[in-house]
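Note sheet for the following structure.
Order of writing sets the chain letters: A, B, C, D and E. Residues in each chain are counted from 1.
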């Protein structure tokens, strides 16, 4: 089965090709091509996964891709526990989201293009997961970046969408560039970018003293530096602080996109990469690279959670929570919680996708993203409410939902290896419960505050009007909220079940010798060698975190549900702090000034420089000479400026100095000749 | 003296005979049929050239580097013969294009061609003269005929002025040169260059003075700075075919005479003339280019460019110690013959068409006479030194000589000058191609002129594309007797 | 069968044939020139089966005496480097000629010059004799001058003469360099035969003359590339040139410079090059960042693409400089080879991609909108889906998106160079972000956002335009996904060079 | 102060005085006329130098022909050469400097040369010597001279002839 | 005893005079006269040198004769040109004939 793994990315790719070239012809049948492709690759993926579960050997396939001198750079794919379980998750979630999208995108004139891009995305994602080397990983990595770019801007007529897509691509590109440099560094040290070769080399290298690089005052071990550079990629892709700014804006894309790309899979790619390249981080002196990872994750988790509290846009709240959860995962990986981090990745994929889809269903019904304009939705749309609730509990980490298990794993690891991290993460967990409860309270309870007749968006394009749609908030004419069609709700239900049940693989005793199955299945070989024991599940800790979560919910309920304390009072009381959080801590603003404005200014400056200095040096010379005035007069049809002025003007000037000698009078000429002769003789005698 | 020696003079004799015969024929020809006389002139050059070839063959047969006749006053060697061929080429081509020029402009067609032939004789003599007296004489012979030709269009004030100026300037420089020669004579006690070479001992500064004064004469002929100023005025004023002739014939012969005088007569340990000429070369090419840059009149521009080219050729003398110098010089003379004559022929066509020599007036000629314009492209590129033209290989040769002789600075200067020159040469093409024509009526080019252009074009391209034969020839011709 | 010579002179023959066709019969002229271009392409393809992948040195050498008296001969041959560039040339010429079917003004001269130009370019890549090389090198200038000067935009005359002068300065400097080399061969065996000179390597070491000769070559090549700060002729030439002219200019003529660096400067003056490698690398990096930033400030599409060329050629020069810096350090040989492969790959990639970009701009400007102002557009994707798809693909290829040709090149350059000059490479890598920035911004301003009503009903790509663009896109994708076949060929020369540099 | 010296100095004075007049006189006719003493003086010097044949030719051609011709032309072109017309151009000072410089240069150089003493007394003069050398080594020169004369005359006639 | 030097001094003076005439005259004919002086100076040299350096084969005399003849020819040609120019331009003053310059 593993030998067929190359098929997994291939099906979506094929569907992409088909849809791009024949999409318009297929019309309404287009989605089913994509779904079919996904189904097939899901089949293979699960086949591979099951095979691995049943204990098949991991499998690697390589082929030469490029050469340099004697060296060969290969591409290929790796099938092992990690990649297998991840592709399984991706194909599953992806497939469900595809189905959901059929309903969500229904009637959109660009549906074929939408599914084409989604398919391409899946192809890229799966490639990235299965890749055997940093090179192929990078390729998939960039392709999914591209797709995210294209899909965020799917409503390409909307300026805000355009801005968002550009922001997303560029911000991640910054991280990618760092990673690229990291990869260069790898090639430099090991002459290859193949995972196994690199990791073995790193492991070997860990025994000798690491080479150090001077960076100003500090001496950084080369391997650490490399690892951190590589980590730049994940920071960008997984929206870690300080490159998290793009993710909230990415919500401009259609909701299924947000669900698949910006919640379940792509953003998780960063985490996956850290997991995949774990040896690189682990084998740095004192695991220092991992410490950095841990703290980046922790900080991200906290800040994002804080910002989430002050948002009103339902998708933005979820986006920030995604960031925060990704922070959790990173932190988990960072505190030697290899399994914990990756496990959270999987569960999060389920419940976050669920939350987004449910949110989409809500938006679909009420034509607005603003939770303040919703309310009381539990009655008109029970399924959505139920599923959303499941997602909410999972995310908040309430026993026995999947989120509880995975988050708890992380906290457990943190508690053992990095107590400080543990404290911060606990706070983050509290906030998570808080803002999610706030969201639920606003959206599903209380009276319905929705607008009677939603305004069509100003960007409304003519052909959308022709289709009689106001996407993305599919407007069906009726102002009353109502449940979504089954094609959308069925995936919700499935995901809800997963969100509920996926955690049980972490229940102690599911695995051999009392450990959990997931620990058995996803473990990092390096730990035993280093004698690091994964801590075992402990109830007191679990209860403590559960308590924190409930506390958060309670607070939220007091304020937003029962409204004993009115939220605007809280706001007034919080004052500047609230504004600070609501405005995303002004980080975006800062970047806007420094990078965007600054960059453009620099560009304009250099352009001026190019025209006036580099090119015009000559003219400058020209201007400073007295000649110029005369030159301008005498510039005839032959004159061109720029460099030619160098030749033209300077020489022309000299010529002009000589021309007066050409009086047309013979005796003047003869005088010149005689004088010249005299000079000639004198000079030559001089040399004698 | 033995009459056998006369056979070395066959080319000169042929041409002289033709000239005299022409004069007589002119008397007996009805004015309206005098055009035929031109053909006679053209024809005369052919046997003369053939004779040169024959003599060359004889020298080869004798395995001799050349012969000195009339008590060393006259030397016939491959070098001389090569230059004579170039000169004859100039005479023939110019005569050809003059066929339709002089008739209608002057009644004295016969005399015109006769003078052209006389000038030709003078050139042949210059190429071989190895005695100060003969040199003076032959140079003056060429000059006198040229004065007359330059001023030949009596009704054209420009032509008159050109004649007078040319004469005054020429006569003055002749005076200086004569004085210089007298000094050389005094210092060496002989007028034969071969003796001068051996006896120029104990001259010291006087030698420099003498050479300097002599250079005034040669400089005038090859329009070397500072003896160049007559060039633009005369070139502009003289009848265009004559201008063409002046730009190649006397120049080639002048260089030949200069080379022979210096290399044979002036030993390097007496006078560091290569150094002297390096300076003059630099000066000449630069001045020529800078002034050419300002010209709007095609003939005048070509005049200055011919000064510049004199500068390039002088590089060869500056780089004398390189084995490439003399071949380069000789090759360049031939290349220059073709490309410059060609350029002037086009100028002739253009001025016939537009009645003006101003470059902007030739706008859009490519639309009216595509082939002529195309030819002009070749000539201009060749003059700039863009491959694959004769001009390029010539420059390549000369640059090589300079580099070989370690005169990198001079080569670099020449490079800079070539770039400058591109500027005004392309200026012409710009007018011909990039500018819209005022009218689209196709031009009619007289058959004779067509042939002339054709020869120049083919010459420029062929010699540039496959220089091997010429290179072989110049490699042979660089063995000049006593040099 | 002297396939090289045939390939080389077919276009010239075509030009001669055109010479005798009546200028009125435009269609015939177009068809004939396209025919010859295609024939040349086919001929160049015929080289492939005869090319031995085993041999690193020059192959298929065809020679004949030319000017034996001074050691000049007609000698042509191919190796990995020239082969790929030749193929690029012949292909792009076909496409350019095809695209130029739209050109109605002085058709005869136009096509004639194009074919002439092709011979010139091919000659440069084929020539194995310095004199021959120089001849062809200069030969490329003249047709380009006229192409820009006659069929160019409003300031064509300025751009044309500027281009001509700039390049002539360089090439004459190179001529002196060549002569210096020639005269430093032992008097007995003076020749212009390139492999021979490379073998004997006169002027080795870092003496004054070696320096002079090196900088002579450098000036010539740097102007062609163009390296910062010799680049200012490029925007003008590109903006004014007719579309097909820009394509050839960007795709091939710029490569003449980098080709020169790799083919001559590296093996002839390794010591001097090594000595100045860091300086040149610095210039390259400046070119990369500067080009990208200035491109961002452009509102004229052609200028924008032109400056992106400055940026991309900067990568090539970075790799070459790196290879030069690795001189005398065998342990870096493989890295150097990788870098050189990257450089060559980038030459090809840039040729294909930028060629496509200029065509894309032309398609929009020449026949549809007659404006190139980036801000005059918007929302075109809705109007021109096919066109949009092609353009966006090309732009992403240009900003180095994996899976497309540009990425392969940049990746190899980066990993190769980083092993040799890490800091410069890291700096250059930042250029990737800027490049991405201005291309995305461009995409946004042209294709996204509300549709500008002025262009509400433009026609999408027609058959001819599609035929011109699609092959390029296909190339980008194919070699972007699987570059190995190409690299196997290129690697021959790179390994050879590296072996020389030990 | 022997006879030779006396003769030399008188002749020199004559030559220079005449030359001065030629160059400086406002009246061109005077200038032309004063060519005569100059040329005669030169002829005299030739006598001192035992070059009788040259002397003869000098008197014949120069004094006889050229001077007359010049006078003739001056009279012909009266309009331009009349007394009312300014004869001197604007570059006199410069010209003076340059000529002075050249003369000094000539002296400075020529007088440094260690010229030998006169190579004995001239062999008894016979015009034959000249004739012979004209026939033997310089026969070519001789022929060419005639050609030159022919060419110049023909051309001059064409140019000078008044067209009607 | 009159030596070569005397003659050289004299000839150089004559030469200078002639050149001065050439340089300072406006009138073409006058310039021609100056030129004649220069040629004479040259001749004086030739003859003098014959006497002092080359008495046996009197090349100097030949030279002198040649120069004299050339002088004659120049006079003829020059004057012809001048007369013709005078006919069409009504002047023989060099500074008044300057259609051609620059």
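The working rule: contacts are C-beta pairs under 8 Å (C-beta built on N, C-alpha and C of every residue); 3 or more make two chains touch, one makes a residue touch a chain.
All values derive from a computational prediction rather than experimental measurement.
If you take the chains that touch chain A and keep only those that also touch chain C, what is left?
The common neighbours are B.
In terms of touching chains, how many steps apart are chain C and chain D, taking the shortest path?
Minimal hop count between chain C and chain D: 2.
Which chain wins if you rank chains by how close their C-alpha centre is to the centre of all protein C-alpha atoms?
C
Would you kindly say which chain has the C-alpha centre located farthest from the C-alpha centre of chain E?
Centroid comparison gives A as the farthest chain from chain E.
Let me spell it out: compute each chain's centre from its C-alpha atoms, then which one is farthest from chain B's centre?
A
Report the inter-centroid distance (CA atoms only) between chain C and chain E in whole Å.
Taking the average C-alpha coordinate of chain C and of chain E, the gap between them is 65 Å.
How far is the middle of chain A from the middle of chain D, if each middle is the mean of its Cα atoms, in Å?
One centre to the other, that is 102 Å.
Centroid of chain B to centroid of chain E, CA atoms only: how many Å?
26
How many angstrom lie between the CA centroids of chain A and chain E, rounded to a whole number?
Centres of chain A and chain E (C-alpha means) sit 96 Å apart.
Residues of chain E that touch two or more other chains: which are they?
Only 4, 15, 18-19, 22-26, 31-32, 34, 43, 48, 52-54, 59, 62, 66, 70, 73-74, 77, 80-82, 84, 87, 94-95, 97-102 qualify.
Please set out, as single numbers or ranges, the residues of chain C touching at least two other chains.
157, 161, 165
Which residue numbers or ranges of chain D touch two or more of the other chains?
In chain D, 89, 91, 94-95, 98-99, 102, 105-106, 109-110, 137-138, 141, 145, 148, 152, 155-156, 159 touch at least two other chains.
Between which chains does touch occur?
By the stated definition, chains touch in these pairs: A-B, A-C, A-D, A-E, B-C, B-D, B-E, D-E.
Tell me, which parts of chain C touch chain B in their complex?
It comes out as residues 65-70, 131, 134-135, 138-139, 141-142, 145-146, 149-150, 156-157, 160-161, 164-165, 168-169, 172-173, 175-176, 179-180, 182-183, 212.
Using the touch definition up top, name the residues of chain C that touch chain A in the complex.
My answer: residues 157-158, 161-162, 165-166, 229, 231-233, 236, 290, 293-298, 333-339, 341-342, 379, 381-382, 389, 396, 401-403, 407-408, 411-412, 414-416, 418-419, 422, 425-426, 429-430, 432-434, 436-438, 440-441, 444, 447-451, 482-484, 487-488, 491, 494-495, 498.
Could you pull out which chain D residues touch chain A in their complex?
The touching residues are 89, 91, 94-95, 98-99, 101-102, 105, 109.
Using the touch definition up top, name the residues of chain D that touch chain E in the complex.
Interface residues on chain D, with respect to chain E: 2, 4-5, 8, 12, 15-16, 19-20, 22-23, 28, 31-32, 35, 38-39, 42, 45-46, 48-51, 53-54, 57-58, 61-62, 65-66, 69-70, 73-74, 76-77, 79-81, 85-89, 91-92, 94-96, 98-100, 102-103, 106-107, 110-111, 115-120, 122-123, 129-130, 133-134, 137-138, 141, 145, 148-149, 152-153, 155-157, 159-160, 162.
Sort out for me which residues of chain B touch chain E in the complex.
Touch list, chain B to chain E: 132-133, 136-137, 140, 144, 147-148, 151, 154-155, 157-158, 160-165, 167-168, 171-172, 174-176, 178-179, 181-183, 185-186, 189-191, 232-234, 236-237, 294-295, 300.
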